[in-house]
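Starting off with a structure, shown below.
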Amino acid sequence: MLDKNGIAKRIAKEIRDGYYVNLGIGIPTLVANFIPDGINVVLQSENGLLGMGPFPFEGEEDADLINAGKQTITTLPGSSIFDSAMSFGMIRSQKIDLTILGAMEVSENGDIANWKIPGKMVKGMGGAMDLVASAKNIIVAMQHVNKAGESKLLPKCSLPLTGVNCIRKVVTELAVLDILPEGGFKLIERAPGVSVDYIKQVTAGRLFADDGAPEMILD
Amino acid sequence: MLDKNGIAKRIAKEIRDGYYVNLGIGIPTLVANFIPDGINVVLQSENGLLGMGPFPFEGEEDADLINAGKQTITTLPGSSIFDSAMSFGMIRSQKIDLTILGAMEVSENGDIANWKIPGKMVKGMGGAMDLVASAKNIIVAMQHVNKAGESKLLPKCSLPLTGVNCIRKVVTELAVLDILPEGGFKLIERAPGVSVDYIKQVTAGRLFADDGAPEMILD
Amino acid sequence: MINKVVAGADEAIRDIKDGSTLMLGGFGLCGIPENCITALVKKGVKRLTCISNNAGVDDFGIGLMLQQRQVKKMISSYVGENAEFERQLLSGELEVELIPQGTLATRCMAAGYGMPAIFTPAGVGTEVAEGKEIRNFNGKDYLMEYAFDADFALVKAWKGDTAGNLIFRSTSRNFNPVMAMAGKITIAEVEELVEAGTLDPDHVHTPGVYVHRIFQGANYEKRIEQRTVRPRN
Amino acid sequence: MINKVVAGADEAIRDIKDGSTLMLGGFGLCGIPENCITALVKKGVKRLTCISNNAGVDDFGIGLMLQQRQVKKMISSYVGENAEFERQLLSGELEVELIPQGTLATRCMAAGYGMPAIFTPAGVGTEVAEGKEIRNFNGKDYLMEYAFDADFALVKAWKGDTAGNLIFRSTSRNFNPVMAMAGKITIAEVEELVEAGTLDPDHVHTPGVYVHRIFQGANYEKRIEQRTVRPRN
């Protein structure tokens, strides 16, 4: 079973040299820490920055330089700044190669719910609906089950949707799963020490694991 | 009867302090020479400049700095540069207070034809169709009759249209005419020495000149 | 050149009335029109509709206007981090319309570019699509979304000149340029106001034609919402 | 940072094939991709569709490609000042689609912003509207125009960096930024190529994400089409 850093580390292996990547808040943000050496990647922050760098050194924070999570950050050599319309323009026109974001639920046909729980205060969808509607390659980073112990990989989402038929891959603390074009979760890898049976048990949607699946190798 | 500079001079009197103005090629370009002192105006060139200045001094021409007529020009203090999409964006969103352009024909309901003569080589409409479709205030500067001696102020345009129901005022070598909301040319002023009868004679569209019209005062 | 300078925030917002629709630039607390907000709180105008990506925090940004119950409706993409906001929303005092962030930006841009509507895939198949026209292009569904129609846009720039030209600094640019283009009356506050001719025309982000009033703001706090740092080695 | 540098024009255009659709930046002869055009003439690719505001003059710009009969179709707003162009057009060798300049720019922008179509009033009631969908918003008619779909965009900037970021100079900006956003593959030639980190991120007009290949062009002629001057007193 993986911790949050483990999930981030596994997702980082999906990143190819030359990718422009948008990272959501939470586990996705951690992915930046595990990008392998020799892989050149540019991180986009949808508030208007390409080439997001690490947090600033203490005392060098700049109120005018934040990421989409409102954290103080830095630029890198080759960074560029643009307005919100251009930022979402490049998202819509699929210039971003990979989008990584969290979710409350994912369905076996690739629907995602991650912005609203009926009866609770709704903070808003931010840029998530734009990202999932446009990105060509979306990976969801999330826990396999919710706090009540219920599966978050479902035949059909129960929460209000963020986007439909858009997720291609899910990485949880237990497994890497592809979403098949014809529907259903295909088990690709198991986290160290996790059995196929256990994954079956906590996956409510259709799971295809006929030919087993290897344990993932993280290093 | 006015010469080209006279037409330009008369049109310049329509410009108010604080106007952003787009000048077409030909007589409209001359209008810039007659803007009264104390009237602050910004000229837009639709290839991407606000604050067009005069031609450069000899030897100071810059190949990167031209107007929509492809002439070398200069900037002024307070100028700004932008791309073609923003340029026509500001035209469409009516940020330009006044557009002055030439025409081959204008009809009594405000249609304009100024880009194409069937059977002749067509060079293109350039930005004219965008300008006439969007501008809130358009003045046409043209000769009253064509080279064949035929009126260019018509009941209906005979040439392919550039825009419909968009022209509000026409200034020719003979007269200033408003186009009435209900249709028809209303004679506002006569050029020095030109009679109402003569204007009637060379205006093919409906002309309203019931209460006469004063001679224009240019200085 | 046309001079757009006004004395200060109070004069700049003089004709904002009860019931006006405002756009306010900024992302979180970054690049927000601090001085205009202070002046609006002082003026006490009510029943405002505010189009802004966020709603500030309890004691800064639009949160200050919420404290005074000046806001009737918020049109935003994300409104977290604000307890008073939540209270007013749950009690029904405040109306909120949540729209995707890219749709928010593009509806501003549409207004600035004179396009009455745009197409975006954001929200297709979700509750955001309810009641909206859906159109398929090349096998993909898009929602038709309308250009915003705002009485005033309040934006904050780094530098501006007397002709209204604006230059933004770093990610405080965000929604400011698209809102500047979209307001019927656009009010720009800047950290530094300079004479026309000082700014390089190639560096101008917002041409002066879009700006109706400009002033140099006083005492920018530029509060940081989440101060994240890394240790020096 | 991702490195976009290629050795020169020949390598940059290596995969432009007979029948490709190209966007070419520039207004008149101002800001045109001179080196890419020279390389295309040398390569001799044929049956090109060129989306460009103008068509050059007889012996410069796209005119050079017309001389070699490499162009099957021009999509432009204004094609004057070119005798060979006129000859080919009248003889039926060359197809021309004339569209309003703002529509041309906005159809590029639409592609760059991932919007399949836009609405513009330009051309309503004229032959440009023939066969197009007309839609009324708030009492005014608009044409629906589709985003361009171009295989390559060839643009010319003043400065560029190894990450593909571009800065344009003065009115040579024109169509270049919107075309840079719109090409499936965007090739940028620059007068000066610098290391990533040299350009101020706030001054970048075209972010590197839009640029697939960049090179420093050789021997810019930057011809002036109409040299207009005023006398010194």
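A, B, C and D label the chains in the order they appear, each numbered from 1.
Assume a contact is a pair of C-beta atoms (placed from the backbone, for glycine too) under 8 Å apart; a residue touches a chain by one contact, two chains touch by 3 or more.
Since the structure is predicted, the reported quantities are computational estimates derived from the model, not experimental observations.
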Which chain pair is joined by more contacting C-beta pairs, B-D or A-D?
B-D
With chain centres taken as the means of their Cα atoms, state the distance from chain B to chain C in Å.
36
Where chain C and chain D are represented by their mean Cα positions, the distance between them in whole Å:
33
Here the gap between chain B and chain D, centre to centre from mean Cα coordinates and rounded to Å, is 29
For chain D, jot down the residues that touch at least 2 other chains.
106, 113-115, 120, 168-170, 173, 201-202
At least two partner chains per residue is the criterion; list those residues in chain B.
49, 75, 81-82, 85, 88-89, 91-92, 134
So which chains actually touch one another? I want all the pairs, not just one.
A-C, A-D, B-C, B-D, C-D
As the complex stands, chain A meets chain D at residues 18, 20, 40-42, 44, 49-51, 75-82, 85-86, 88-96, 134
Give every residue of chain A touching chain C within the complex, in rising order.
45-49, 54-73, 75, 81-85, 87-89, 91-92, 111, 121-130, 133-134, 160-165
In the complex, chain D residues that touch chain C:
106, 113-120, 137-138, 140, 142, 146, 167-170, 173, 201-203
Residue positions on chain D within touch of chain A in the complex are 1-3, 111-115, 161-163, 165, 181, 195-197, 201-202, 204, 207-210
In their shared complex, at which residues does chain C touch chain A?
27-31, 53, 76-80, 86, 89-90, 98, 100-106, 108-109, 120-128, 158, 168-178, 205, 222-232
